Amino acid sequence: MIRFQCDYAEGAHPLILKKMEETNYEQTVGYGNDPYCESARQKIRAACKAPEADVHFLVGGTQANFTVISSVLRPHQGVVSAVTGHINAHETGAVEATGHKVLTLPSDDGKITAAQVRELYEAHWSDSDHEHVVQPGMVYISHPTENGTLYSKEELEEMYAVCRELGLPLFMDGARMGYGLMSQTSTLTLADIAGLTDVFYIGGTKVGALFGEAVVITNPVLKKDFRYLIKQNGGMLAKGRLLGIQFDTLFTDGLYYDISKYADELAMRLKEAFVKKGYGLRYDSYSNQQFPILPNDHMEKLKEKYSFGFWEKTDEEHTAVRFCTSWATKEENVQALIADIEAL
Amino acid sequence: MIRFQCDYAEGAHPLILKKMEETNYEQTVGYGNDPYCESARQKIRAACKAPEADVHFLVGGTQANFTVISSVLRPHQGVVSAVTGHINAHETGAVEATGHKVLTLPSDDGKITAAQVRELYEAHWSDSDHEHVVQPGMVYISHPTENGTLYSKEELEEMYAVCRELGLPLFMDGARMGYGLMSQTSTLTLADIAGLTDVFYIGGTKVGALFGEAVVITNPVLKKDFRYLIKQNGGMLAKGRLLGIQFDTLFTDGLYYDISKYADELAMRLKEAFVKKGYGLRYDSYSNQQFPILPNDHMEKLKEKYSFGFWEKTDEEHTAVRFCTSWATKEENVQALIADIEAL
Amino acid sequence: MIRFQCDYAEGAHPLILKKMEETNYEQTVGYGNDPYCESARQKIRAACKAPEADVHFLVGGTQANFTVISSVLRPHQGVVSAVTGHINAHETGAVEATGHKVLTLPSDDGKITAAQVRELYEAHWSDSDHEHVVQPGMVYISHPTENGTLYSKEELEEMYAVCRELGLPLFMDGARMGYGLMSQTSTLTLADIAGLTDVFYIGGTKVGALFGEAVVITNPVLKKDFRYLIKQNGGMLAKGRLLGIQFDTLFTDGLYYDISKYADELAMRLKEAFVKKGYGLRYDSYSNQQFPILPNDHMEKLKEKYSFGFWEKTDEEHTAVRFCTSWATKEENVQALIADIEAL
Amino acid sequence: MIRFQCDYAEGAHPLILKKMEETNYEQTVGYGNDPYCESARQKIRAACKAPEADVHFLVGGTQANFTVISSVLRPHQGVVSAVTGHINAHETGAVEATGHKVLTLPSDDGKITAAQVRELYEAHWSDSDHEHVVQPGMVYISHPTENGTLYSKEELEEMYAVCRELGLPLFMDGARMGYGLMSQTSTLTLADIAGLTDVFYIGGTKVGALFGEAVVITNPVLKKDFRYLIKQNGGMLAKGRLLGIQFDTLFTDGLYYDISKYADELAMRLKEAFVKKGYGLRYDSYSNQQFPILPNDHMEKLKEKYSFGFWEKTDEEHTAVRFCTSWATKEENVQALIADIEAL
């Protein structure tokens, strides 16, 4: 079985494992206060052109999401998100478990707009009974989205301008950040993102690391006491250096970008093959997730050899599915898949 | 600086790293449903002589504690713990953050007794206003305790008998389980523990793994839907096999026991040196944590070369401190420390 | 200003005030354990033909809703509700504040169907990643709904059958219960409701009392320790007898029914006047809330003399609004309003 | 049975009932935005000499406590309280249910000192692992305490100075405020309290009202969005004017003070009788709660005719109990009790 089901089917980039092995018997202090974490923080700040940013390493994405969100909101506030947002759809209510409602906006492609946020905000405050309704307290977006789509620089500028005007901190979930940054259609750099959000994270789990997400807080108001919250929410790794070593490696010599670009290019080759074959695309993605709409018989045939994700039935005879590439995807497997598609 | 400060200063046992490297490019499903996790689960069930037990792998101890506790309690219930219990003292209120009070019992050495639990229970139910008071809903103990002390088989039998009689599930935090099992004074096996608790965990982070705690649920009532709770609490590792690989390795050929025994033996050598030097012992520990009471000038001298933990001032001229050994402690460092103590 | 804005603009039925005055200097025990509460409980059990039911008195509806819901659900579960349900739309996220997501179903008129519940349930359990999604744990309906609509006996039977089949406790919010029971279209008695739900409440605040909601728990599984939860959630009135006195009075000599019927009849006269005038109706309500769609100029004219609720703009020139009657509405005011409408 | 068991055995001061009756058919807006609430707010601001204070009316004390506390704290913070504090001992973990630990200080008489608060604060911040421990975020005191004792003006000045220095908002639970203010030993006025705390409440339930607590927020930082939190926590009474009417009446012509003074004087007569009889006093209270230590046979004898609260056994032959007077206590009952004590 060749897996295109997700972007976390393998381990880690070999340079990371190598570094872990080399440093295995070094003794360091715990909880992220070691030199590897410090070095990784410096490299991330540099990559973000945000020398004042706080950088924290958490183990996983759900944890990063609810830790950030619950650190920002007061009890009566909710987080605005696309209805398709990971926090709303795929985290077992982790945000609600911290006491906060997810205020959903409709979305066709996983993105939401500045205009939608403004409209929701104004609807809240113009309601004479607004004290009976959850107050919008921050905005969550993912980039790339769960549908592989990307915010343009202009869209993010608009979103951030509205968020600042309305006093809503903007939080970007970057679980697949690398694949967004290196997309051929990307108009955003890491520095742009750092400048156009209040807090975001750079995903490691899906982009070369064994695990780990680097939360970057640029808004000084949101920095206070964040380490307490990591600890309280179970995200403070005892051997914190494991996170430092991984991000230090990823942000050395452009590794994070290179491996992301590699995955994106393979995804584009898949996309080309789907289009050439005449398949529709559920979302027009230029990052590592691709969503072709397959005739059901083609889907069944491909399942014999490949694993991929069910997305939704689009009609009786077609099904949208998800194929992911990653830093670890073998080119030969992509070639085999393309050949098999052509042969259908 | 030679570190005796904690038992998580190094990485992982080399067999674990080796296995991670060997399997790095294998593709597996995520979230703990892979064959490595399955194999590790089987080995742990066998070691526990609990073929029906559910075994789950979580990343860290705080996470394991609050995930288990909040899965057991109803909203008006609290968890009974020694005042010194990790959940009460060192987890930034993670249990309270899930909505539950920690009901503390005094303890001189980190242990609590069956009689104390009964007394607290009876005090609650005999209070005519008991509905105005948090109801005891389960019991938490750690083994070894935060003070290095151990429950005897008889003590655990008594505790479990009382817990069953009173309908209070018994949960054992085994962050340092290995060091307890292999202590020269231990009267408990893993199978004993599985038979005398409702849920417990086997610590990996402090006993040879990079990270990871294996939660073992023997009480069928507590098994239901536990994976939802892991996910909601941010403890479901995407690359779950990393946890499987580690525990599979630790529970192959007795590795977990061997490395624990090694650490305990080094701790006993340290203890002997402390006693020989005439130092008092804050707690009479036979596991990997040792708590000598040092004259302040000795403490300052040792600090120049060794790191160790401050525990408490016992009088103006003496301080109790903590030295930890672990699977990774080098024998030569113990020898050096002993020599330096003798020379003081 | 004559108020039709809500059904809680006045105080209480005079018989309630009279009883409060008569008993003012009696000394009773607190917290709902007094003879008045006991008498009210007996009368409610009799009215429900549910001699085994537990009956508890809480101060208000939001409190009753989140106390019941959080007492039923485990942490990873959510409550299924119409998107228009009070718990989702107008309680400032009180349910989420207890840690639970509201799982919303679309609704045109405030009601949801058994088929919708089944579909949501099956969608959850057929999702291979269901552990990453909030599990449906119970169903919430309101009767009458926030839109004045009513469940028929057949609809409630279907809903309850599905809920029992799927293991989802069914909870009915009866903040306006009386107005539903006495509607000319009602096919449900209080005994029917007690037999076709697991827990529900009988609203006092909007139906003759100063305040107070009587929670009736018929499912034995849900009874346990409910008083602890009332106390923890701030709903246990020290002078609990005030709730007992009110419900005892309301359930003596059919007062609750009589005053509800009176309000419904006035509402029907209003509805008739709206229809006669040619206004559309946003919802086809046969209970005490009426939702005419007014030409904007008519609306502005009526506002000079009457208060009523804004509901939504239906087009540029029309607005749906809400008029409520209650036990306290004066017939002369209804006549005046009807005359003013006719004169427009 | 003559009840001295608590201070909420009767209804309300007759002037309150009278006003409720007079206004019963008036139509007002709901949720505390009516003219009665506004009038009561103005009178309370005047009584507090705090023209800028926000005043909110909640139904009960537990609700007021957890609503205030959870509005102030961030998730990783706890509230400092005497171990005997109502929030720690008698509210079924309501504070923990909002996610926050109660950080307890030992207390002999229900009071805590500025020095204790400073010590706890310094212990927290000097702990090198303080991020692993709940951060003190505010201070809770009750006045009178649960033991009837009172803070002097000097003590409160010291406490508030320390709280301001350390950045810890000071919250006073005034469930029995009136009985404290009018005690013969009181050195605090309402204006003093408003000037020496950040937020406090004036108890109505135990001092003449049917129910209700007036929360006064003087610290501007704590005012924001408080009404959302009242609603979310189930404390926003639909017929909010009932609270306004009660507090408006209590703060007209000094009623609140007069009825409190009356109860205190009766309590002093009881105290005198206890002392004269040679009974010890568990706490030296000068407010409406009295805690004599009775020989067990005397206690049993008195129980035949009077109800009073069990406090604790002081030795095999003696028991500390609680007698409460209130605004509603009949002088003749106090005389009867005194005569019966003398006759023992």
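Here are some notes:
Read from first to last, the chains carry the letters A, B, C and D; within each, the first residue is number 1.
Everything below uses one rule, namely that contacts are C-beta pairs under 8 Å (C-beta built on N, C-alpha and C of every residue); 3 or more make two chains touch, one makes a residue touch a chain.
These numbers come from a predicted model, not from an experiment.
Looking at which positions face the partner, chain C and chain D present mostly the same ones, since more than half of the interface numbers are shared. In this assembly, B is the chain whose CA centroid lies farthest from the centroid of chain C. Between the two copies, chain B and chain C, the C-alpha superposition involves a rotation of 180 degrees in steps of 5.
Taking each chain's centre as the mean of its C-alpha atoms, chain A lies 50 Å from chain D.
Separating the centre of chain C from that of chain D, both taken as means of CA atoms, is a distance of 34 Å.
Taking each chain's centre as the mean of its C-alpha atoms, chain A lies 42 Å from chain C.
Annotation for chain A: residues 75-76, 91-93, 97-99, 131-132, 228, 231-232, 236 touch two or more other chains.
Looking at the complex, you find that chain A touches chain C at residues 75-76, 78, 89-93, 96-102, 128-129, 131-134, 310.
Within the complex, the chain D residues that touch chain A are 31, 70-71, 74-76, 98-99, 131-132, 135, 225, 227-229, 231-232, 236.
Chain A contributes residues 1-3, 5-6, 8-12, 14, 17, 20-21, 23-30, 59-63, 66-67, 91-94, 97-98, 205-206, 210-211, 228, 231-239, 242, 328 to its touches with chain B in the complex.
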